[in-house]
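Both of the next two complexes hold chain A, though its partner changes from chain B to chain C.
And now, the complex of A and B:
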């Protein structure tokens, strides 16, 4: 199944989803396209005015452009998702979208979609880490 | 000359698709955007020390980058601080970071809140001002005009010219801006005639305002400079406040400027205005609707009571609707004129003066500073009476003439 992960650029969550036999909806590929496409004109990250306009599907015109631009990248992945894993209270080095407002909107859209969703806390020590991995494993295996 | 390094401290520019516009604007005026390097530990430490812990990680990064500049760990010549328009968390950080940098560095700073529609052209004047402040430090330090020089200010509403000789005004003229070059030529000729000199007697010409490049090229000006720094110099020269701190407020026909200066050199400024309801153009429309000359509007407003009329629209069209409704309800034109002045002052206060830390004295300049009702309204808003120097509408022309004389000495 296609699994949306939150934070969407978490390498650890990406790896766990892949390891347990599912397809992580990868933001890394989305962003890579936007960095390497030669015809694009806005390096280092090629989000264009067209993208930001696409973001209107997810947030109204009164919402800051940075939120709409981010939603233009991540929103379609949520649309595609068949299940999701949300991790709360993560340090930003674990992965982030840079903007907390976008995080809130993404989580809301996932919950609203009513797909199978696992919400876990970022582990503070090894023991909690093991429990978290166990929960994720059980969730992903249950999806099969 | 090597590029002036402008440190970008921002959130959301890449995801708004405007990063290349920012870089283009800087590149066009000889600047280069740079991004202070910080490590993960730097971010955590900086946020702790700063005492403001925003939830959004990119705003944390802004704080860390500001701290890297303040601590001298990263070298830059000027700072551009930007966050998304309508983001409350971003606005808070943008303002606090700007304050922090002004307290801890002497770097010129400009703040901006953007939308995805931002184009490089909108930033050009701001970027050019940042570059000018750094690259022309010695020229901007000039406090006395020498020789015979002319300044021309090609504004959106009016074009002004002023001739100076040995630090004294010997000729001046203005006209509504029509065709850019023809308007400039007209005021220059009039000012030269008043001064009793010929064009060939001019030893230097400084040009500013929207039409500066066209006019500067045609007249072979030795100074073509944006209006933020030029007007600041003109304002402190006309007001005789060259030393110390001041805030310059220029409510223009198309955009408004609020500039803080230290010894006549800007260190922070905002420029723009979201809508025409906060511009001199709106007051022109009001005067027309009240069937009075714009020069009479201020005196009318002085006699009126703004609080009797409901007028506070950001949009000039809705503002005029308020005006029509108020007149129909039987309000006097004095009260309506006062309300229009109050409305413009209130919006400048709410939209622009919040982006800078107002420093006393306040020097109000530009054509609208001749509207006494507006000056009074600005004074009420900021809590002290602004200084309006004589010839306050000529700041750009005066600044152009003063600064262009800087090229004469040493020739």
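And now, the complex of A and C:
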């Protein structure tokens, strides 16, 4: 099954989803197509004008362009997803995944889609790591 | 992108040599955290399970957006590395995930901690009165 992970660039979630036999939907794979197959106008920016227009499907015109730009990439992934795993309180949500409003909008869309969703906390010690991994394993095995 | 957990005894050099030894026609780059591999999807699909076997619970793999040596990201070309802080944090926390994977393998039950209760007004008043004495 196609599992949307949040944060969408998390190594931990990507690995666990793949390890337990599912296909993770991540921004890395999405952006890989963009940075390798398309000629980008300004290399560090991975979103084109066309993408921002596409983002209008997920966020209104009055919403900041950064949110729309992100949603243009992440929105279609949520549409494609058959299940989702959300990791809360990740200490590294800055940079490309640091827009809190986009993250809230993304969580709203996932919940609204009513797909099987697991919400876990980012582990701070081994005990929490055990809780998180066993929960994810049980969730992913239950999807088969 | 192949990342070795800090608790693993495997070195990036050993990992890169092992992948080279498999003899597939792919590009391999040894890095400080592990290795990056690039090539035909089918070949990568064959290599990944082999690599995991080296140290199953201490090797973590994900897809990387930029190709190996891309000028926009490669340090040799002074590329920006916006994802570094995240990778560093996740790398440090991989031992927690390793513990989780070992627990899941062993069928260990990990009951969730009860959520923290809010401090009641009565308790707060009691603390305040104790402090005043």
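Quick note on the criterion: the second predicted complex is superposed on the first by the 138 of 144 C-alpha atoms of A that agree within 3 Å, B and C clash if a C-alpha of one lies under 4 Å from a C-alpha of the other, contacts with A are read in each partner's own complex, and residues count from 1 in each chain.
Convention: a residue touches a chain if its C-beta (ideal position, glycine included) is under 8 Å from a C-beta of that chain, and two chains touch if they have at least 3 such contacts.
Predicted model, so just to flag it, every value in this text is computed and none were measured.
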Three-chain arrangement built on chain A, chain B and chain C clash or fit: fit
Scan A:73 for contacts with chain B and chain C and give back first, second, both or neither. first
Kindly classify A:18 by the partners it touches after superposition: chain B alone (first), chain C alone (second), both, or neither? second
Return first, second, both or neither, reflecting whether A:86 touches chain B, chain C, both chains, or no partner chain. neither
In the superposed arrangement, which partner chain does A:99 touch: chain B (first), chain C (second), both, or neither? first
With the two complexes overlaid on chain A, check the angle at chain A between chain B and chain C, Cα centres, nearest 10°. 110
Quick check for you: in the superposed arrangement, does A:10 touch first (chain B), second (chain C), both or neither? second
If you tally the residues of chain A touched by each partner, is the higher count for chain B or for chain C? C
Of the partners chain B and chain C, which touch A:51 in the superposed model: first, second, both, neither? first
Across the superposed arrangement, the tightest C-alpha approach of chain B to chain C, in Å, is 5
Which chain A residues lie in the overlap of the chain B contact set and the chain C contact set? 43-44, 92, 96
Mind listing the chain A positions that touch chain B in their complex? 41-45, 47-49, 51-53, 62-70, 73, 92-93, 96, 98-101
Footprint of chain A on chain B - complex, ascending: 11-20, 40, 43, 54-58, 60-61, 83-87, 89-90, 114-117
Chain C residues touching chain A - in the complex, by the definition given at the top: 1, 3, 52, 60-67, 70-72, 80, 82-83, 85-87, 89-91, 93-101, 103-104, 108-113
Quick check: in the complex, which residue numbers of chain A touch chain C? 9-12, 14-16, 18-19, 26-32, 35-36, 43-44, 46, 91-92, 94-97, 123-135, 137
